Amino acid sequence: MTLGNIENRERFLSNIRDKIGGLSADKPVQKPNWSTQPQYRVLKDQNQDQLIKVLKDQCKHIHTDFYHTDEQHLDETLNEIFEEYGVRSIVYTCDSRFQDHKVDTSLKQSGLDTWEWDDNEKEASIQFSEKADVGITFSDITLAESGTVVLFNGQGKGRSVSLLPQNYIAIIPKSTIVKRMTQATEKIHKQVENGEDISSCINFITGPSNSADIEMNLIVGVHGPIRAAYVVVDDI
Amino acid sequence: MPMQIGEKEFKQRVTKGLDDNFMRGAVRSAQGRLQNNRASAADELGDWEDWRTLGKEIRQHTIEHLDYYLHQLSEKVAELGGNVFFAETAEEANEYVKNVVKSKNAKKIAKSKSMVTEEISMNEALEELGCDVVETDLGEYILQMDDHDPPSHIVAPALHKNKEQIRDVFRDKLGYEKTEKPEELALFAREKLREEFLSAEVGITGCNFAVAESGSFALVTNEGNARMVTTLPETQITVMGMERIVPGWEELDIVVSLLTRAAVGQKLTSYITALTGPKQSEEGDGPEEFHLVIVDNGRSKILGTEFQEALHCIRCAACINVCPVYRHVGGHAYGSIYPGPIGAVLSPLLSDYDEYKDLPYASSLCGACTEVCPVKIPLHEQLIAHRRNIIEEDKKGSLAEKVAMKGFGQMAGSANLYQMATKMAPILSTPFSSKNQIRKGLGPLKHWTESRDFPKPANESFRSWFKQRNKRGVQHDVRKH
Amino acid sequence: MKVSLFITCLGDVFYVNAGKSAVELLEHLGCEVDFPETQTCCGQPAYNSGYHRETKEVAKHMIEVMEDADYVVGISGSCVYMIHEYMHLFEEDSKWRDRAIALKEKSYELTQFIVDVLNIEDVGASYQAIATYHTSCHMTRLLGVQEAPFKLLEKVKGLELVDLPNRQDCCGFGGTFAVKMSNISEQMVDEKVDHIEETKANLLLGADGSCLMNIGGRISRRDKQVEVKHIAEILNSRGDR
């Protein structure tokens, strides 16, 4: 990878340094011990099943349809949603979990127009997504408190899939559910600390898109999907 | 749009605001909702005061080591193949962005909401190049369509408009034919803006928080426009005020949790998008090229002063949403794209007292702002500090007031003078009072009595009552009860 | 218990009954009340206007006058808060700063003193009225006295206390704000008076003379039939008058 340019840095930072009496930039700064850490107290002691309940309740606040199923009935549940949403075309990410849980076969057999995201066919993939009735992804981490699915976009997992279609479905393996954002950011922080690359685009998605810009009235569905469904799947 | 907006004179702007019943109705109801949402989100979270304390500590630590964290951020971004430009002035920032746009030969630019680009008039600079710059946040889009009406709120820029006005703007400028229903208006904007996203060559975003440890940027939105802007165009430019940074992901959690609750009462907004560098070569969508512009534009003047805490601001607008002055005069009266309490603190710092000397006085110092600020900025105290600066350092106070205050200091600093003054009060005011109220006052009282009566001093002051009472030998309560 | 009364400017000149009631009330509750005669204004008008040099002179005077007291009890939350702020005027003068802190530590607002120091909630008062109470900003938010006035008023026999809608809103006084920005201030006090009217109360109570003067002035100008009183006057009523 080619390194990017940095321009005008020294003058800019030395001006700041003069004002705050900072040391030189290569002296590592230690973060202090914060006097309080309330984030770890949220939903403390809740087990996985209790967290599912929290997630389910939160879905009501974020205008998101909630489904709970198991691997065996996953295709049935998806079909139910397709029917409900009037879905004719589907785009989904190129993610081995679709094969692992046989979702791709059932999608392909559904008789609907399907498209698996293809990085080499960027334009065509975007065009399909733009017209698609639904985009489907797996959730990488799921935050019970806020009802958020976290997607590590990257190879095969196009950003557009969860963004451009009319509707969005997140398949949520039960094991991905954590309490709140704290657990997700902790994990990402660890990756950074270990020198691993992190995803170029991490999406924290909480329900469908919305806006309150007109008289503070909540309008669901602005630029992104208009409806969203979460499908929690046991055993995976 | 520059930071300064509207008429030159503060008084004119205020009168205009007070006379605008449409706007006042819209602001009143918006404030009501936002206040309730914030309060219930804070209650629901529990330990809100601890969260605020932590938020404050994080912001304080970050700003105290801003040079270190900005250095780290820029290193990381460059490692990932992004370009970083440090801009000390608005001109430098705009020049850089213009050059990027020129090198791409771009004609259409899609922007997501960013206050700092408003502050430095980036749109105008790009329009000079002949580019079509499209604001894609619904509120910003409405304002842009309405002949660049300035924003009146930092989170909900079109808060001063009601839906009928928005319908009319869409009808007159875009040929919209449907009703004023918010859903229909939004759907119309969705369709219009889709075309823009798909054809834009460059996407420009602001930045809610940069994460130093990984060179990432978090964009906090509800509509999804910032995702569009960072997914479809080939080139992405992110512009950030230099203070909008946190050390790492763990701190990002805290400031985002505070921001979404304080701003709109949500646990998280629909989309928190954290971007790290341009897209990787094996990825399909996302920008090929990434530029980060870090803007000072007067911020470093604030460092090391008693106003440093103003740089802790996370732009949640909670202080604006509770401010009674804002409620009555609206955002435009502040004459700055940063209105309300934080605007009254920040605008004179980013600009100067000549431009904004009235703003620190546009507050009853009720402290509602300080009480809600999620990072505990003592806003009302900062306003008092501005007033002190204006008087003591800038010497901008009115002469009459200065004389009066000097007199006050001498009087209240001396028992004899003070007692004499209190004795004089009833005598001096007698000719102007009817019954027990004064209806027409003189001097400074004139403004008071334009809308309120003023009480007539009692015939016997408390101190002479107390003296007499002691003379009569009443000590402890001897009344029967 | 020995208490030095801090009367405040408005209490000395305008709301004389509030001060008288406070004296009688405190004595009724077993305190010995004195009135340091050389006391003046707390200095807040100058402080909030940015005249901190002038404020310092006032603060020094007040510290000298009040520092021998066992307790200082003021009849205005805002002015008591100002005393609590003195320490910040002397950031670079540790001697005065220490004296300011010592004064802060024994200075209380009247209702706060009764509830927190005397540990009394029922002062044995009775008063017939439908009343609403204005929570003043400085007392509630800055001095942090939120519950005390309500605890005391709830125990007053015959008094029906109704909630004031949007009670957290400022009345628009703000010292020189009311004069400098009188048109904005007017809108704020009007909103407050509207809310008071909504409650249908015939009595408005408060613990801050300045807010009462502001709201009362607007009530009087709008010819509304609502009486305005300082909380001390009610707490000192025993139905035999």
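Going by the order they are written in, the chains are A, B and C; count residues from 1 in each one.
Criterion: a contact is a pair of C-beta atoms (placed from the backbone, for glycine too) under 8 Å apart; a residue touches a chain by one contact, two chains touch by 3 or more.
This is a predicted model, so every value here is computed, not measured.
Across A-B and B-C, it is A-B that has more C-beta pairs touching. Chain B has its Cα centroid nearest to the centroid of all protein Cα atoms in the structure. Using the mean of the Cα atoms as each chain's centre, the chain most removed from subunit A is C. A separation of 53 Å divides the Cα centre of subunit A from that of subunit C. In terms of their C-alpha centroids, the spacing between subunit B and subunit C amounts to 31 Å.
Residues 14-15, 18, 324-325, 328-329, 361-368, 370-371, 384, 386-392, 397, 401-402, 405-406, 408-415, 418-419, 422, 425-426, 437, 439, 444-445, 447-448, 450-458, 460-463, 465-467, 475-477, 479-481 of subunit B are the ones touching subunit C in the complex. Of all the residues in subunit C, the ones that touch subunit B in their complex are 7, 9, 11-16, 19-20, 23-24, 27-28, 32, 35, 37-41, 43, 45-55, 57-58, 60-61, 65, 124, 137-138, 141-142, 168-170, 172-191, 213-214, 216-218, 220-221, 238, 240.
Interface residues of subunit A facing subunit B in the complex, by the touch rule stated above, are 1-9, 11-17, 19-23, 25-29, 31-32, 34-39, 41-42, 58, 62, 117-122, 125-126, 130, 143, 145-148, 153-155, 158-160, 163, 181-182, 184-186, 188-189, 192-193, 198-217, 219, 221-225. Across the complex, subunit B meets subunit A through its residues 26, 29-30, 33-34, 45-47, 50-51, 53-54, 57-58, 61, 63-72, 74-75, 77-88, 92, 96, 136-139, 142, 156-159, 162-163, 166, 182-183, 185-187, 189-190, 193-194, 197-198, 213-214, 216, 222-225, 227-228, 230-232, 242, 247-250, 252-254, 256-257, 264, 266-286, 290, 294, 296, 300, 303-304.
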